[in-house]
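I have placed the structure first, in the form of structure tokens, so that the comments after it can refer back to it.
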Amino acid sequence: MTQRRKWTAIPGLILLAIGAVALSAYSGASSSQNNSPVQPILFPHPLHAAGNLNMNCLYCHNTANKSPDPGLPAVSTCMGCHLIARADRPEVQKLAKYYAMGSGKPVPWVRIHKLPEYVRFPHMRHVNAGVTCQSCHGPVQEMTQVYQFASLNMGWCVNCHVNGYDPREGLKATGIVDTSTTVTPDAERKRARYDCASCHY
Amino acid sequence: MSETTTPRVRRREFLKVLGAGTAAGAAACSEPTGKLIPYLVSPDQTVPGVSTYFASVCRECSATCGIIAETRDGRVIKLEGNPEHPLNHGALCARGQSAVQGLYNPDRFRSPMIKTGGAWKMATWDEAIALLSQKLGEHKARAGSAVFLNQHESGSFPTFIDSWLSSFGMRPHVSVDFEADHAVIEANKRSYGVAWPGLAFGQAQLIVSVGADFLDGWGSSVQHQLDFADARAKGASAPRFVYIGPRRSLTGLNADQWVSCTPGGELAIVNFLLGRGDARAAATASGANADALTALARELAAAKPSLVIAGGRGENGLEVALAVGALNKAAGNVGVTVRPADAALGFEGISKQGDVMAAVERMRSGSVAVAFVRGPNPAYSLSPSAKFAEAFGNVAFKVSFSLYPDETTEMCDLILPDLHSLEQWGDSEPVKGTLGLQQPAMDPVFTGSRATADVLIAVAKKDAAAASKFPADFRTWLIARLPAGTAQRSAMLAKGIGAGSITRREVSSTTTPSSVAAAAGEYFLVTYPSPTLGDGRGANKPWLQELPDPVTKILWSSWVEIHPETAAKLGVERGDILEVKTAAGSVRAPALVYLGIRPDTVAMAIGQGHATAAQPTFFDGKDTGVQWGYGRYSRSVGANAGALLSGAVNGGGGWVASGKCDVVKTGERQTVPTTEGSARQHGRGIAQAIEASELGKPQEAESHGHIPGAASTAFLPGLRSPVAADAQGDLGAPTAADKGNQVGMYDPNHPLGMAKRRWAMTIDLARCTGCSACVTACYAENNIPTVGAPWQNGVVYAEKRPGFNITRGREMNWLRLERYYEGAEKGGFTEDFEARFIPMMCQHCGNAPCEPVCPVYATYHAPDGLNVQVYNRCVGTRYCSNNCPYKVRYFNWFGYGEPDRIQYAFPEPLNWQLNPDVTVRGKGVMEKCSFCVQRIREAENRAVLDQREMAADEFTTACAAACPSRAIVFGDAADDSWSVTKYVANERAYHVFEELNTYTAVVYLKKINHAAAGAGAGER
Amino acid sequence: MATAAPPMEQRPNIPSATVRLPAVKDYEQVDREIMGTLKPTLGWFAALATAILCLLIGVSAWFYQVYAGMGVAGYNPPVMWGVYIISFVFWVGIGHAGTLISAILYLFRAGFRTSIYRCAEAMTVFAVMTAGLFPILHLGRPWKFFWLIPYPNWRLLWPQFKSPLVWDVFAILTYLTVSSTFLYIGLIPDIATLRDKETNPVRKAIYAAMSLGWRNSDREWRHFTRAYLFLAAFSTPLVLSVHSVVSFDFAMALTPGWHATIFPPYFVAGAIFSGLGMVFTIIIPIRKFFKLQHYVTLNDLDAAAKMCLFTSLVVGLAYLTEFQIAWMSGNKYEQDYFWNRVFGQWAWAAWIMLICNMVLPLSLFSQKLRRNPSWLFILSLFINLGMWFERFVIVVPALSHEFEPWQWGTYAPTWVDYAILLGSFGWFFMWFLLFIKQLPVIAITEMKEIVPPKLRKVGGGGH
Amino acid sequence: MSGLIGVFAELDSTVNAIGELRRSRFNEITVYSPTPRHELEHAIEAPPSRVRVFTLIGGVCGATFGYWIAIWSSRYWPIVVGGKAIATWVPYTIFGFEVMVLVGSLSTVFALFALSRVPRLTMTVGYDERFSQGHFGIFVATAPDRAKEAAELLKKHGAVEVRHEA
């Protein structure tokens, strides 16, 4: 036969595929995930939030349950203990320098979790709904240097709002309680509004 | 917790502001992360991200209303009225709202300044105070001649100044208020014994205003408006309102009847009403209609009690006011509708203009060594014939305490920038027996400014003689004067008011009316302080520049009001530049053809045309130097009508604000910036009205109801769909298969209770006076950019003219106040036309036409009945706006919210005012009224925190909160406990464009007209 | 002789070449003359340069607009749409005539199609390419245009499929794809011809690649004719749907003057009308400069002119119907709008539209004028103008006088609008000029179909 | 498999040649012509093209996908606009139609390519550049033993040129 089957490959289609993938990639996935900057003071969360201290997150981030804003501990709060406790440690001395008996300047912590300005995230609504800090911030009590645990992109938020928050999963995330044995009945999952104006206005 | 770029700005709001530029544009994946700055020592009571509220006193006019300053982490972000305050009961006018833009005005002085060799240079406070006390030392001999001009301020501070002055052997200060209606105050003192009696509109059967513009900022405006609105809302039993005057001001437009008369003609009319002389004589003397006068006299005689109010800006202002006093006495109104007992004390102790002029004369004589100016701006406000500049120049050493650059300050030698009233202590006595406490709501915005009182104390401390007379600081001095008892004081701190009274300084003033030369001219001229800018004080605040004049709807400009007849005679149309000439001077401004003015009269508003008006040079948005003149926002805006005044003073010691003038058409044209498209409804029934006599009878919708397929031809009362389940359009309409009981747009039995509520609003047009306070409140609450500044256009194509964007229809007023005329279609002069005011904002339709056309769900219908605009989803096709019958959607044509752009609407530190709960919109997105969704969410959050259901009327929108007529009611129409449900059932309720089947959530209540007794029902 | 060639009467229904193209003798002449047009000339370079210059002006204006904001364009709310949407509809409309000629007339076997369809089809593709730009560059945030395309994303959000604008996206993209495919398929055999005639190795290689190794074998022809038929069959309803969808942008809105059921047919007719106008504007100079008068004959022009006249009558009828409907509707808003259209502030635009689209084309009732190329050319310019203003009259006056009198306004384009409009013409003609010098403006293969093939004397062989 | 190729100038002689070749059982014939001629089709009596099948399938798939993507994504995140139903099939017909046309015509093109074996990278045997211009051609794939006979036959019918192709 005269027909030599010589197909020019289908480069066009391949290009289309690549384009589509690139587009959906560009459209969403969070680039700041796992971002873990070095802080001016190497604050060890494990020492405070776990171990024998095992402090409650709300001790320092004291407005997380009553304000949209979780709040950072005032330097005075830190010095409450560190005037005496571990006062000899270099990091604590850094802190003391910042404090400088009230006339000093606050610590310029580097921000890690940042939502765009057009998103409203009322912390207290989530905390009071029983969502554990670790559900979104990850196992901070184990992070010697804090990093962004969740992608914080919209699909991630909405998944929880629609499919519901599983209290057991949340507790498990804290690492304090292990509830992996039981499974949450669907009715107990906490769902939230999923229309745009719940967060965007 | 906060984020920072500049050390000065330390709080979280600022994080919002920083991101503001990219707010709508940024993609979630590329967020710049900044610094988190904790408090060093956390302050008690404040929770980051949660507002704290401080009660204080408003100093924008002399009435001293009570305000509540909402502060977020130490920054004032919003002002609202103090609900407990006897004057304003929680309402607040546009000027009061704008105080924050005075506080955060980008043109405020950053530090004291000293003029050396004609050049200004910044100085430290030590230098400045040293210089002042040194100068005082030099001129000790002539101390007695010193002049202290202080913006009139009720409370203890005037006493403090005087005690300071006296300790330096200086004479008492002059308490200046260029806005005050001195003739009326004088007459009130003589007739009723108080400067400003309470006016009980509600008691009256008939209200007659003889040129008293009590809705235009005349006197205790908010208080009067509240009473007036309450009175007018009484429906059939409401008092009729007749306005007498040469032009229909906002007050005039709210009247049921206008009796026009020549400026000065009022006297003849009032005398006739007093029974002196007959109607015909009065008519000829006043240019009024004799029959109208007769009818009025009859009506007035019949109405017991009535309320007659006088304005006294004319040459014979005092006589008119006195005659009116007599009239009220004769009618037995005193104590009933005119209540000296509830006098507004803010107007006591104002020095007459005569005193000001006397001071100016002393300066001219050269005898004055030192002059202090705190607040007033005589260089702008005084008539050119007063030659203030020359006189002031003769003073050896001139000190200004002004916060902002202004014409007078520019002539001074030393500037000691005062603190804003929101930053310092003070007090006031609004009504007898009540104390208003003015407390700082935040730390000073600029560390370089200092409270005048404390500066004076500091100076005194340097003076051996005076040192001992003063405590360490003014606060101590003030607190000491407050009624004793810490309990009461802490109560005052919390509530802003308390029982007590202030020993006022009595001003002895001897004014003899200056002999007014019989002015010549073809037309009568009337000038009046602008309802929005006051005597010009507001001109450096963008909100007030951007606020359309309630009557003419013109903004960022001056104008000459001229009647169509006269206009035709002169061949003038709107926008033709006219030159108005008087003996004193001449002014050029575009013509505004206005129905509500006599053909023999032209009128101009005072307030625009500051020093730089003439200068061709424009502020380019980046200039960081001192903005001389009166700040960047008054640059090159309009002309100063004050220049037309003779400077003569009437019997009451107030300006003669009217006279004669000639009007010349210059041939130049200019598009007048206005928000008005067509002033006629074209029978579309947008602002509907009803005759009082018709109340209680079955009605037809006013709009033409014959559109095929229209929702209804007859009126359906209230919300089309009263409950949440079926609140939301066709799916749940009462006509739906399931009678709308179960399936709304969103399932009412949704596990999240998403469809529990139906937010709705009613607006009572019988109350609305068109004062526009709601508009400014909306700007303040929702971070709405002002776009009228000359530099806020494109870069390449940009006509550098104030209000240019407005002439292109690009104003961003989410809530606009429309003013439609009814009647007087066929030219020719007639007193018989009606104005209807209607606030128009997003109607939050159940069947919103804007929603289905958006390709990306950027606007959609929320389960609780809101029509939501998602800024960050919007791609800017603008289709929604095309499809909105109400035209209430506004587009960001430029990057008004982006700090690095020339069009930026919130130059530092104006951006400190931005509401952290509202996204600042970026370029290229659509925005609109959100029913203050941020307040809804805040209330929901509060309820959840307290583990309770939201209480009825727990919160309201910014416009409703500010409204001084209480015309706006907001609430949940799905829950009968909210008062809004009461109003939607009202017989006057209607929807705009109901025939379009949009199921709006905003319900209007028809305006009520009161025809003259005997007269047939006028057109509706 | 049972196996002799079937008598010529059995030929397919192609109008006899002797009647249609008396001046065309044989295949070689077709090749020679049509390929002769492909040599670039100085005039062509000049034209191309001009087009590219216009394009650059438009592009820079657009960059400025993106940087500074939509405010630099002359939008005066309430007029939120302006020159861009007008031009969008205008260009989409232009496209339609091409598809009509190449597809619908193909199905109807209209003879005069052969000579002009290649031009018309190219015009379609480039016009749609131009039109497709406007919806993007009129966006407030053009860099987000892809949100209108349904693709999986991390926001879990999809376009709002009830929005006419999303319908547009689908309609326009489909139209662009199908019409360009149609054009290319038709081109393949011609490219093969070029390939075989070409001597320059580089160009030959390019042509070879473009022709996909086309060999004119019987099997190729068999499938080709079928496929071509089906594409034509698809394009026919497509061309009707596309402008109907475009008309929905307006008809689906509440706006008085837009909210009308007459829009789809009215728009389609208008589109074809404007397209034919553009066809004349293009084909008449080409047949003159390329000396193709004996291919694009006066008969062809005459026939096309008749279609033009017909569509003009349809459009005219639509105009009048609109007024009549508004009048009889008793709907105040409609009545106000249409009154304002002809006697109000936009009267001038309305009258330009009425005269150019209704009155002037009536001249085509005269055969003399129909067969007069220069008149047809002049007329076509008026038609283009008129059709642009038709869209202006639809968009601007309706928006400037809507329901809310307080928000009534006006509209004044700025230099940015005009620059971008100019740029769109530059873009269109740049492509078209590049096309006519690289590829044959007249379909060689189809020409050969109607040119009589060489024959031995009938019944040859003789034994 | 090799064969030989005859170049013709005239249409009818080509037709006749084809007829005779097929009668003498030369069944592997490829005919080239500058333009589709029905005479040739009749002479070859080839089966009808199968393009239509692809077109049908493509169209159906397209229509289905058009409706599906619109309806599915509307229900995926139910947001109400303008009081309309979440998924409204009437307007979605537009997507059904447009996508049908799109996929339908693309699959038609695909069918054309697939069935007529384009694109091909190299010219195959038995092609002559003249075939795209004025001349007709017949390629006869034949075993060398019958090549001579075929050549004779082609010549007899007036082939301008007859040559062997490997």
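In order of appearance the chains are A, B, C and D, and numbering begins at 1 in each one.
Everything that follows uses one rule, which is that a residue touches a chain if its C-beta (ideal position, glycine included) is under 8 Å from a C-beta of that chain, and two chains touch if they have at least 3 such contacts.
Owing to the predicted nature of the structure, the values given are computational and were not obtained by experimental measurement.
Chemist: B-D or C-D: which has the larger count of contacting C-beta pairs?
Modeler: Greater number of contacting C-beta pairs: C-D.
Chemist: Where centres are the averaged C-alpha coordinates, which chain has the largest centre distance to chain B?
Modeler: Ranked by distance of C-alpha centres from chain B, the top chain is D.
Chemist: List the centre-to-centre spacing of chain B and chain D in whole Å, with centres computed as mean CA coordinates.
Modeler: Here chain B and chain D have centroids separated by 79 Å.
Chemist: What is the distance, in whole Å, between the centres of chain C and chain D, each centre taken as the mean of its C-alpha atoms?
Modeler: Distance between chain centres: 28 Å.
Chemist: With chain centres taken as the means of their Cα atoms, state the distance from chain A to chain D in Å.
Modeler: That gives a centre separation of 60 Å.
Chemist: From the mean C-alpha coordinate of chain A to that of chain B, what's the distance rounded to whole Å?
Modeler: 46
Chemist: Could you list the positions in chain B whose residues touch two or more of the other chains?
Modeler: Within chain B, residues 849, 852, 854, 857, 860, 873 contact more than one other chain.
Chemist: Quick check: what residues of chain D touch more than one other chain, meaning two or more?
Modeler: 30, 77, 79, 81-82, 84, 117, 119-122, 124 - these are the residues of chain D that touch more than one other chain.
Chemist: Which parts of chain A, given as residue numbers and ranges, touch two or more other chains?
Modeler: Each of 6, 8, 28-30, 153-154, 195-196 in chain A touches at least two other chains.
Chemist: Looking at the complex, which residues from chain A come into contact with chain B?
Modeler: 28-32, 35, 37, 63, 66-77, 99, 102, 104-112, 114-120, 122, 124-125, 128, 152-154, 191-193, 195-198, 200-201
Chemist: List the residues on chain C that touch chain B in their complex, please.
Modeler: 64, 68-72, 75-78, 80-81, 135, 138-141, 144-145, 147-148, 157, 159-160, 162-166, 169, 249, 252-255, 329-333, 336, 399, 402-409, 414-416
Chemist: Which residues of chain C touch chain D in their complex?
Modeler: That would be residues 3-6, 10-12, 26-28, 31, 150, 156-162, 167, 170-171, 173-174, 177-178, 181-182, 185, 188-189, 192-193, 195-197, 212-227, 230-231, 234-235, 237-238, 241, 245, 445-446, 448-449, 453-456, 458, 460-461 of chain C.
Chemist: Sort out for me which residues of chain B touch chain C in the complex.
Modeler: Residue list for chain B touching chain C: 25, 675-678, 680-684, 686, 704, 706-708, 793-797, 805, 808-810, 816, 818, 820, 840, 849, 852-857, 873-879, 881-883, 885-887, 890-895, 903, 923-926, 993, 996.
Chemist: Which residues of chain D touch chain B once you look at their complex with the stated criterion?
Modeler: The touching residues are 79-85.
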